[in-house]
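One chain, chain A, links the two complexes that follow: it is found with chain B in the first and with chain C in the second.
Right, the complex of A and B next:
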């Protein structure tokens, strides 16, 4: 990101009474980037978006859009478009009129907008024609040309959502802000619209900030994902890095479905962390006496009665309590020997033998993530990724 | 066979259930329907029946005379004046109080402080007794000692005989009528304003509607449509029913300049004791009300509800 950022938050803070809704958030978003703000409800993601839009004031910090400081600018002057969760279409206007509003407000002067006499003002006809052209071509690209003369009350949720998108697109704004635009749609339509929005973004190349509470939406749509919790940015990274290499236990827990499995790992006086009796990391002398958490994704373990750990792998005992068949695969619910309940993705062919519910769970050490008691990820001081970890286990 | 039999018996039980539900529905609504009939429908029918007779208050003898009460009304000069005056009064009071009510509601809604105070202050005329307030207005509008005329004189305007000149009496009554109706309209508009989705204002701001006038035209006015329709209807009906101020302040005078419908009906029925012809007037009054309500709801309703 050598180019200057299109959107930049600098130490943005927001208070509601005594509670801090945003605690010094700093974030740069590149020109053309699709950034998803994701987090549980109440984490401040919507507040951050509304502050960026100018719909809410901030108590501290600066915001700039396209290199200009807009902190003191009102929303109408920030040249951003927003898609609201409830769509916020004007119910008395047709789809065509709804989509034209941003252009009418910006391209016509006050005289041309007057009722009754406005259409007679000089230049009005030319502006009208241009607006009609633009609305028409956007409607074509969103495949809503047939709906243009309907009012929102006569449209389905998905159709309204498209009109709201159209209203945002016609203006070619500096940034698109989307506040959970899919959460009022049913599940099937949501997945479909998801890919449509991604296509749209690719076509328009406009900087997009997308707020969602759905981690799957964030992972599947965004170039980068910003995970928020309690008014703080926990991590900003590509979807792959967020999933594979989380910085914090909260990120690891929020992203991924089924959730990441976590187990306690004691650190002995030798600075070695063990999952049950099995050594999984060493060189952790600083954490002697404390309990670390070790995490692994549901798809990273193998179970079976005959499984044996190979090089760079550890094995723990796992007792199966329930197998949840999902068609292409299944989720095995069970508990570790150390007591934690875990969920594992297993293949379609996995059929547990009738006589035994206890298996060996084999985990590649490379895929284990270690978290300090504070929740921070531990990358240094461990030999998790090193090949000799397997030998340490035997030693 | 057995299956078919089961199906028929199932159909029969569901039929019985529907009938039972119907019966329960009638039983539950019976008390209200009884009250509606006794208190609303029966009196209306009685008035209509009386309007076809020559009944007089106090006389035990009366006859069916067909529609001659109505044909008499058509030639009755007082009744024509009364209708004309009432129409003028409604046209003075309704638009002014709706516009003022909306203006006040917008002002109060936009201010943060003293919201509650202003709301109560402007609602006061609605809850105060008209007859008691009429005497206050009589003083305010007094030709010589009244504060209104004293203020007029201060700025060099001629004094006006608000309640005792035939040119001004209807305007004077209309001022009182507006004073009363504005608070009511305002409270209804305030309720309508709070029901507008704030996201629409945010969308309007993002769409570039910068001036308050733009936002009013894009969001407030269209969203208030149903409220405005209701307020206009109710205000017009209330204005049609003007009576107390006429009774206490002008008695229809001077020279029938403030002769309004209810006052004419009242005099006909309770001064001249002509119940039959008073009932005919009352029927005309009810018909006017009904036409107004039907017109406004049927014609305008389609334009203010957007789904």
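Right, the complex of A and C next:
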């Protein structure tokens, strides 16, 4: 990234009493980028967003938007718009009035905003017309023109969500901040609105910071995903890199559904890690005596009575306990010989034979991820040099 | 709820019985007012008649109401009451709303202590303060002015308390959305908070107007001129002027003094219900 970042966090820290909600978070977001902040509840993602918005104070660090330090500025003066999970529409105003509020506050002076006498102030009429134009065109683009005279109480959740988006868009802010905007919608509408927001982002090209606890939302919508846990950024990378090449076991576990499978691997005195009896990595002398974790995605293994490991593959015994049919495919639940329970994606045609529930699970070694006891990803093992590590360079 | 009439087990007879009981209770509560109305229409001779009758034999509407309107400047007194009550309510809301907003939604050191002292203020009765207030009024040369009827009441601790409770129910997101939209804190108070606590504001206004319209204590301390009297004090002056035995005229004056309140209440009741049903804060 050669262009200066649109949004920049520098060592941002936040304390609530004795607990550290954010521990020195630094992050740059490029102009026009769609960044998803994702993590389990309580990880600090919403706090980070609210600090960026100016709705929460920070205890340490600096924030800049479009090259200007805004750390000390009020929310109103940061020129960013926010879409809330609860929509936060003004209940006493119609959709039209709701969308006009940010423009009224910015384009009219205090005299023009006064009730009763405001409409008689010079220049008010021209401002009114411009605001009405803008609201109308944004409403058309969101297909909510027919709702403009309704109050929020008379709209469905999805309609309110659009009005809330409209209220953010009319301002043409420097950045959009979205705090779990889809969480209150039902599942079908959520998937639909997801693609609408992505389209909107394409069209407007505005920098967007999107907070969600739903990893699928983050992967499917964002240019880059920032995974947070306990007030720290674990990894910031493209959705593909986050999924294929996680830096930390927490990232690997949080991203992906079904979850990544983890098995224990002992490191012998020879510095060789084994999954069961099979060697999967060497050159790990530093970890002699400790137990590493081996991760593999549910779609990376093959199971079948006839499966045999080929070159660069490893086989472990897997006993099937349950097959969960999903239509296009299925998920095989079972346990490894070493005791860990795992879930595997299998094809639509997979039918386990009646006589046997024990299979060979064949895994390509290059798809295995090795994690140190600390949780950090190990890329040192010679057999595990990930071929796609290059495309996963983050930042 | 419109479904109330379809509750299981609610037969026609039960509904009628319920109406009869409620109607009887309403009549009991209305009785003093009806009696006042009746007396205001009776000639002097019938007021003290031994037989109890609500309907007068001889109507003396014009005589009684004519006296009530002519012996004291009744119109002036009603205007006084209106001016005093409206001014008090307006100031109370102007002062209490920002205070209640700060206590409910802003975080600052000592907020709970401040709120505690507000609650403490609820416990101080006007009677305990009337001597120092009178002394201050005297020193400022405000005795026998309408201003002194207003000034001690412009800051209502009860309003702060009631508004704070109502503002607490406004979602934080709404306040924060308003900040992001560019509103100042005072702007939030008037543009976002007040419309959303309208039912609380209306009910407070009704309480306040009723209390100050009916207040006799403080006006009797600081007002001695009939033309500055509020309605209850006006009634007192009227009774003094009439030597206190023309009950027909006195009741006529009382009807005139209470009529605005009854009208206000009927009007506010409607606004009340509209306010509750249209605020729609949920979701």
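The rule is short, and it goes like this: the second predicted complex is superposed on the first by the 382 of 395 C-alpha atoms of A that agree within 3 Å, B and C clash if a C-alpha of one lies under 4 Å from a C-alpha of the other, contacts with A are read in each partner's own complex, and residues count from 1 in each chain.
The working rule: contacts are C-beta pairs under 8 Å (C-beta built on N, C-alpha and C of every residue); 3 or more make two chains touch, one makes a residue touch a chain.
Since the model is a prediction, treat every value here as computed from it, not as a measurement.
*Asks:* For the combined arrangement obtained by superposing on chain A, do chain B and chain C clash, or do they fit?
*Replies:* Chain B/chain C on chain A - steric clash.
*Asks:* After superposition on the shared chain, which partner residues are touched by A:91: those of chain B (first), chain C (second), both, or neither?
*Replies:* both
*Asks:* Is A:74 touching anything from chain B or chain C once the two structures are fitted on A? First, second, both or neither.
*Replies:* both
*Asks:* Using the superposition on chain A as set up above, list the residues of chain A that contact both chain B and chain C.
*Replies:* Shared contact residues on chain A (touching chain B in one complex, chain C in the other): 53-55, 74-76, 80-82, 84, 86, 88-92, 101-102, 105-106, 151-153, 167.
*Asks:* Applying the document's contact rule, which stretches of chain C touch chain A when the two form their complex?
*Replies:* Within the complex, chain C touches chain A at residues 171, 173-174, 176-184, 187, 192, 195-196, 198, 278-281, 283.
*Asks:* Note which residues of chain A are touching chain B in the complex, please.
*Replies:* For this pair, the touching residues of chain A are 53-55, 74-77, 80-82, 84, 86, 88-92, 101-102, 105-106, 110, 113, 115, 151-154, 167.
*Asks:* Which stretch or stretches of chain B touch chain A in the complex?
*Replies:* Listed in rising order, the residues are 197, 199-200, 202-211, 214, 217-219, 222-223, 225, 306-307.
*Asks:* Where on chain A is chain C touching in the complex?
*Replies:* So the residues of chain A touching chain C come out as 50, 53-55, 74-76, 80-82, 84-86, 88-92, 101-102, 105-106, 151-153, 157, 160, 167.
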